[in-house]
Amino acid sequence: MQSMASSSVSVAAIPERRRPAAIEFVRQIFVVMVKDLRAEFRTKEAINASLAFALVILLLFSFAFEEETTRDISGGLLWIVFAFAGTLILNRSFAREQPNDCLDALIAAPVPAAALFLGKALANYFLVLAVELVSLPVFGIFHNVNWTRQFWQLMVVVALGTWALTVIGTIFSALTVNIRLREVMLPMLTYPILIPALLAAMMLTTDLVAGKPIGPDTVSWLKMLIGFDIIYTAVSVVLVEVILVG
Amino acid sequence: MSAVAVEGVWKFYGDFPALRDIHLDAAEGAALALIGRNGAGKTTLLRTIAGFSRPGRGSIKIFGDSPREVAARRRMGFIGHGISVYDELSALENLMLYGRLYGLPNPRQSALEWLERTGLERVRDGLVREFSRGMRQRLAVARAFLHGPSLLLLDEPFTALDDKAIAVLQRLLREAQAEGKTILMSTHQLREALELATHVALLIRGKVVFHGPCTAEMVSDPGFVYAKYGEQ
Amino acid sequence: MRDKIIYGIGIAAAAVIAWNLYAIWGLPDEVNQGSVYKIIFFHVPMWAAGGTGAVTSLVASVLFLITRKFKLDALAVASTEVGLAFLTIGLATGSIWGRQIWGIWWTWDARLTSALICWILYAGYLMLRRAVEEPTQRAIFAAVYSIFAFIDVPIVFFSIKWWRTQHPQPVFWGGGSFPPDWTRHFLWNMAAMIALGVVLTAVRYRQEEAQREIDSLRRMAHAL
């Protein structure tokens, strides 16, 4: 992220508007994020579809599993719901730019590709997070689980796991936007890569929903999740320019 | 310094060269019309100059900078086949978005000014989704001019436009020319283009076969360049 | 000349494998496992060859992004595809061994699970290539994916190991060491498999180069 931020130094060098490069970079991320969120909330296409899908899967789970079982595998169930429902939002991320060739204008704008990527990733992040925060209480009610006993630790895990989901999902959304079978390719490519992150999030979530806080035996999962987030955010930020302009 | 300097540019799709050893030069204030048949590589060349894709070989300089540098992007305005504005946003929101992306000091004021100049001030809060074709195209023109680019890259600008949009665009291009801005446009509508053009380049199968000033003969007979330098 | 070298290596590899097959056939059965242990002479070299392919593919992909030479892209595809074939046989031989010793075709043991995930990651590479039409873009996207996938491999290995240590451990490979002449067969097989991999990669590489040329000629024909 550092190298990308420094490439926007020349932005600040334009005399009429002198801003430190880092602040300019954050501002650009914010502009892109607000644009995506605003466009999404006008139609609510992706978020409605994702929410409906999440609820349907939660409903199906209650037919598939006994209440007892559900509690033992709550992390697994929840993250499967999050990953499936999240994909619907992530698929739209770059597809949103397609109808009027909007991506051209974004690429042409004097904004580093990294800012473009992070702005879109953050917008997706909040959308996916919103779906998850609705799914959690629904899960609690449907399956009669008191999931709030380790509320804040659970929120940390949800926040970190969701970032893994969105950072990989957004970069692959850019990669798959122009290829055949886009809707299928995105989950097929992202889920295998996401396995370590999803695994960590599932293990931690199961414990936390059961009321067991993160302890010395499970903290390595948390570390791995943080590591996954950092590594893939860095790699995505470096490679997004190559994906967008070759 | 040239506004656009293209030197020995090749663009490959696999091994197939879509652009072959392109040399082009547009001085500041020039209006270069890039002509050629469909599939000759006009769009590919314009998109490569605009920095949407990297050339396989050779170098492109926009006012001395590579097209992907922020300084170069700030000075470029591009109109492509799509209108590059969001259907879900209003005309004003769209322009303010681009104003912010270009870091304009007062995005709202610039946006309002350009809505007026393209005759869209009355529908500024209408969603683009509800616009007619002509209105959408004028908005696309406003978007490209918003940040006061000194180089305009236009890909077939007159093809999809209605009469009113053509009039708006031609007026703006003339003003831009008068202000010493550089225009690079691809077109096969020779009549509209040659009226503005100071220079002409003919592209055949990814090669520039003619590149020179636009003469009176060309303006009076648009087929002239093809007849003289083309194959048939 | 290049053909002769490739075929030379191929014949040598085939000869070594044939000799080894004969020699291994004659080896006595192991006390605990019976004759099925002999699969290890092939199973491990398969993984070595597959792993070599994966590393080659990553190096070629990174170099492609730096130099943009299509030869490197062709090398990346060729080594991934051949590597994936070896990994497939590796999984299959492992599964056969598991059926004999554990009585089950599959178990979610750390090593098996990691291996399967790697297999899926590299299968994704080939799926992605099939979905991209334009050769330059295909090469770039594939190289980017390759980097994402390869970074994942060590993370997968660690996470799966931690995952499994929280659960009951299934049976491991029977311990103990090889007698020296077994080790010799084992190493020869390893060399032969990697040589075979090199030959197959070379053949596939040339095919990919030809494929790209055909594609460009087709585009040329359309342009006329």
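Note that the chains take the letters A, B and C in the order they are written out, and that residue 1 is the start of every chain.
One rule holds for everything that comes next: a contact is a pair of C-beta atoms (placed from the backbone, for glycine too) under 8 Å apart; a residue touches a chain by one contact, two chains touch by 3 or more.
Since the structure is predicted, the reported quantities are computational estimates derived from the model, not experimental observations.
A.B. asks: Which chain would you call central, comparing Cα centres to the global Cα centre?
C.D. replies: Chain nearest the overall C-alpha centroid, as shown: A.
A.B. asks: Which pair wins on C-beta contacts, B-C or A-B?
C.D. replies: Spelling it out, more C-beta pairs touch across A-B than across the other pair.
A.B. asks: Once you find the CA centre of chain A and the CA centre of chain C, what distance in Å lies between them?
C.D. replies: A distance of 32 Å separates the two centres.
A.B. asks: Report, in whole Å, the distance between the mean C-alpha point of chain B and the mean C-alpha point of chain C.
C.D. replies: Inter-chain centre distance comes to 49 Å.
A.B. asks: Averaging over Cα atoms per chain, report the distance between chain A and chain B in Å.
C.D. replies: Here chain A and chain B have centroids separated by 36 Å.
A.B. asks: Which chain C residues touch at least two other chains?
C.D. replies: In chain C, the residues touching two or more other chains are 136.
A.B. asks: Give me the residue numbers in chain B that touch at least two other chains, ranges are fine.
C.D. replies: In chain B, no residue touches two or more other chains.
A.B. asks: Could you list the positions in chain A whose residues touch two or more of the other chains?
C.D. replies: Residues 246 of chain A touch two or more partner chains.
A.B. asks: With touch defined as at the start, can you tell me which chain A residues reach chain C in the complex?
C.D. replies: Interface residues on the chain A side: 168, 171, 175-176, 178-181, 185, 188-189, 192-193, 195-196, 199-200, 203, 217, 220-221, 224, 227-228, 231-232, 235, 239, 242-243, 246.
A.B. asks: Using the touch definition from the top, list the residues of chain B that touch chain A in their complex.
C.D. replies: 50-54, 68-71, 73-74, 76, 78, 80-89, 93, 97-98, 100-103, 105, 127, 143
A.B. asks: Which positions of chain C touch chain B when the two form their complex?
C.D. replies: Within the complex, chain C touches chain B at residues 68, 70, 134-136, 212-213, 215-217, 219-220, 223.
A.B. asks: Of all residues in chain B, which touch chain C in the complex?
C.D. replies: Interface residues on chain B, with respect to chain C: 12-16, 39, 56, 205-206.
A.B. asks: Over in the complex, which chain A residues touch chain B? Could you list them?
C.D. replies: Against chain B, the touching part of chain A is residues 7-8, 10-11, 13-14, 16-17, 24, 28, 31-32, 35, 38-40, 42-43, 99-102, 104-112, 241, 245-246.
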